[in-house]
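For reference, chains read A, B and C in written order, and residue numbers begin at 1 within each chain.
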Amino acid sequence: MKNLISMRDVNTQDILKLIDLAEKIETKKCKPDMSGKLAALLFFEPSTRTHFSFETAVKKLGGNSFSMSGTGSTSVKKGETLSDTLMTISMYADIIVMRHVIEGSARFASEIVNIPVINAGDGTNQHPSQAMLDLYSIKKTQNTLSNLTVGMVGDLRLGRTVHSLAQALSDFNPTFYFASPKHLQMPKYIKDDLDERNIKYEEIEDIKEVMSELDIMYVTRIQKERFAVLEDYEKVKDSYIITKKLLEGVKSNFKVLHPLPRVNEITKEVDDTEFAYYFQQARNGVFMRQAIITEILKLKY
Amino acid sequence: MKNLISMRDVNTQDILKLIDLAEKIETKKCKPDMSGKLAALLFFEPSTRTHFSFETAVKKLGGNSFSMSGTGSTSVKKGETLSDTLMTISMYADIIVMRHVIEGSARFASEIVNIPVINAGDGTNQHPSQAMLDLYSIKKTQNTLSNLTVGMVGDLRLGRTVHSLAQALSDFNPTFYFASPKHLQMPKYIKDDLDERNIKYEEIEDIKEVMSELDIMYVTRIQKERFAVLEDYEKVKDSYIITKKLLEGVKSNFKVLHPLPRVNEITKEVDDTEFAYYFQQARNGVFMRQAIITEILKLKY
Amino acid sequence: MKNLISMRDVNTQDILKLIDLAEKIETKKCKPDMSGKLAALLFFEPSTRTHFSFETAVKKLGGNSFSMSGTGSTSVKKGETLSDTLMTISMYADIIVMRHVIEGSARFASEIVNIPVINAGDGTNQHPSQAMLDLYSIKKTQNTLSNLTVGMVGDLRLGRTVHSLAQALSDFNPTFYFASPKHLQMPKYIKDDLDERNIKYEEIEDIKEVMSELDIMYVTRIQKERFAVLEDYEKVKDSYIITKKLLEGVKSNFKVLHPLPRVNEITKEVDDTEFAYYFQQARNGVFMRQAIITEILKLKY
């Protein structure tokens, strides 16, 4: 692994290796050393959460970082090309972590500079470190990645998180339930991919009917503004709000994941149940990002 | 001390302990070690001065920090609740330093997260680390906190600094003079509190008459915009501007304090006198904040 | 050297000493130690590139920094004077790096505070660390600073970079060619200065005729908006765009420098030639800034 641009570049062995490394870092069985190295955290599209998570990972590794948030005060404003900005920054830093609204921008960056690039989100396309921390969270709670029944709920059309996760889990013989409003269903290219690999999946409208089968429920936000007609939103929104009542009768190993931020799609009362795992999931992100940086920079540990 | 939310939670013993610790840190008699720990500096309401002071304190302790300034690029914009933002950040950091415009927000934060919270200002309510650095500055210049005569000048109604300081000094048998325009006097709840504890205080309109009695004069800014009628402001403003001439005949131990920033309420010529202490006061803030963090995180030293 | 405000304060011996130190730092022959020290990076006028370069330098030295970018969230907004802001910050930090749009502001700062100040650009006036890294880049590529033939191209009237560089090189017996549109020629005070010191220079309109003589070509951006009449710009712009074709027949030691960001004044194809040196020049900036900070803070190495 020279870069981390897309989950499509990461094979099963890489996944298992990163999960193993994250686990060792979390349990302090190893302590990779990034001292003397500098990460450039380039958030052309601002994102406090992912930004803080990477910054925390870098600092826990003993490294340093400098940050850009938005493009307001940058050379971009003076007419500089993205390519020149990246080239210059690669003269200062040892690794680039980059979020940009344009799909493919991280791949583009990795082809220009001579230092490694981690894609921290390129538009609606990929966000591989999120997929990796999701996998790590599943592994930690289920003790395995294999043969799990996973429900995905909410906006499955535009959420890059669920796309990456569905693809990544496909190597581990999953059964999927995709619960979403009709016009926010999983995209065809993802389903074609699953078909080709003989993965069992079902598209449903109401997650309620399969709750007792699930090991993992992955919830995403349904954005009101995606609906042309408000009435359509009003009709479906209640099927996609996770309440404490909905969780009655689930399996004992069952967990709710969410990439956060949430708005109202999981009610506050769920937080206090043993099934809520989204905040720990955020914490897992720090360990996984430490593992990814360690692997890519080939840090000693 | 698990958190530092309000001076009302801090007893005399805590105050003396923190002052002692700040002194030891300043004189290098001890060197607390924050390495490996991370402070989240959450300035929902931006404040360069307090932000830099805490950031300096963290770094002088050998710790790391990450910062939020304003809410422009945060998940708050995506509709996340303050509670979720804080929960997530508590997954990354070891301590939260927080400024927020809403009164009570720091208390609220401390009840939600499992890591310590330092209130760096919640609206017009509390700013306890400022009160602590004020006490440290008084102790350093007077060699004691006890039996001092303290003049407070300017806007005493809305300045959270003077409220906290008046309450904190009450344990040390002070004599107060409160000099302010009529409609910017010390609030009744503060005066009731002083009455109950038999503290001597007097409300005056002109500080001039008591200058020779004072050990400490604490100056705050009178904001023109607080006056409904401009003529009222014009009438009083000159009584509340500290000039070099006003300082003639003060005691030799006398010092002028000010929380900064100032606008014109202390003239520039005062800076060069032996009585000006406001910039050293700012420096004292770093030592006191190191002490507070050390105490709350129970750092080794 | 207590501060670095202007190249006019730096003598030949200082220049050679800094270049020597930068070289030692780059080749790891010495490792200055800034641990425990704090730099305040005050970019009242934002500048990602210079900001990152200084931040990288500080962190590579093992020091810490805190940053201000713009004045939006500062005490400046509350009516504080620049003098008070600087005084307060000098209570927290060990050195100030400052960019401000007002000419003379860095000198002003150095006269107010008791800690060293590095000028990172004061309006169109001075940017001495840029001049120093330019000299370092020339030395590295030419193995000497002496007896070189240097072409300066583009907007020579308003580019502070070329002014500082022309003055700094004057101690080393250069030959200059100044290629610019008529109304963007080198200012008279610079030329008077060169005349007084018997430096050979020629003002030309087309750099093409002297290409084969040059050791160094220093390119700056011509800003369209400087032209009152668009036709005037259209007439000259092509003479000041550096193409691969223009570089045919240059000397083997020839290099193109540019302070960056560029817009279109050097074509992309030039990047891949052996003559392009602008990105390495940016990297040299980190080593030179490490040297400057080391010298000014008198760091051990």
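What we mean here is this: a residue touches a chain if its C-beta (ideal position, glycine included) is under 8 Å from a C-beta of that chain, and two chains touch if they have at least 3 such contacts.
This structure is a prediction, so every number in the text was calculated from the model and none was measured.
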item	value
Arrangement of touching chains [line / ring / star / complete / other]	complete
Copies chain B and chain C touch via same or different residues, half shared test	different
Chain A onto chain B, rotation angle from CA fit, given as a multiple of 5 degrees	120
For chain B paired with chain C, centre-to-centre distance based on mean C-alpha positions, whole Å	42
Multi-partner residues of chain A (at least 2 other chains)	none
Chain B - residues contacting chain C, complex	43, 46-49, 52-53, 55-56, 59-60, 69-70, 260-263, 279-280, 282-283, 286
Chain B-facing residues of chain C, complex	36, 38, 40, 64, 66, 68, 72-75, 78-80, 84-85, 87-89, 91-93
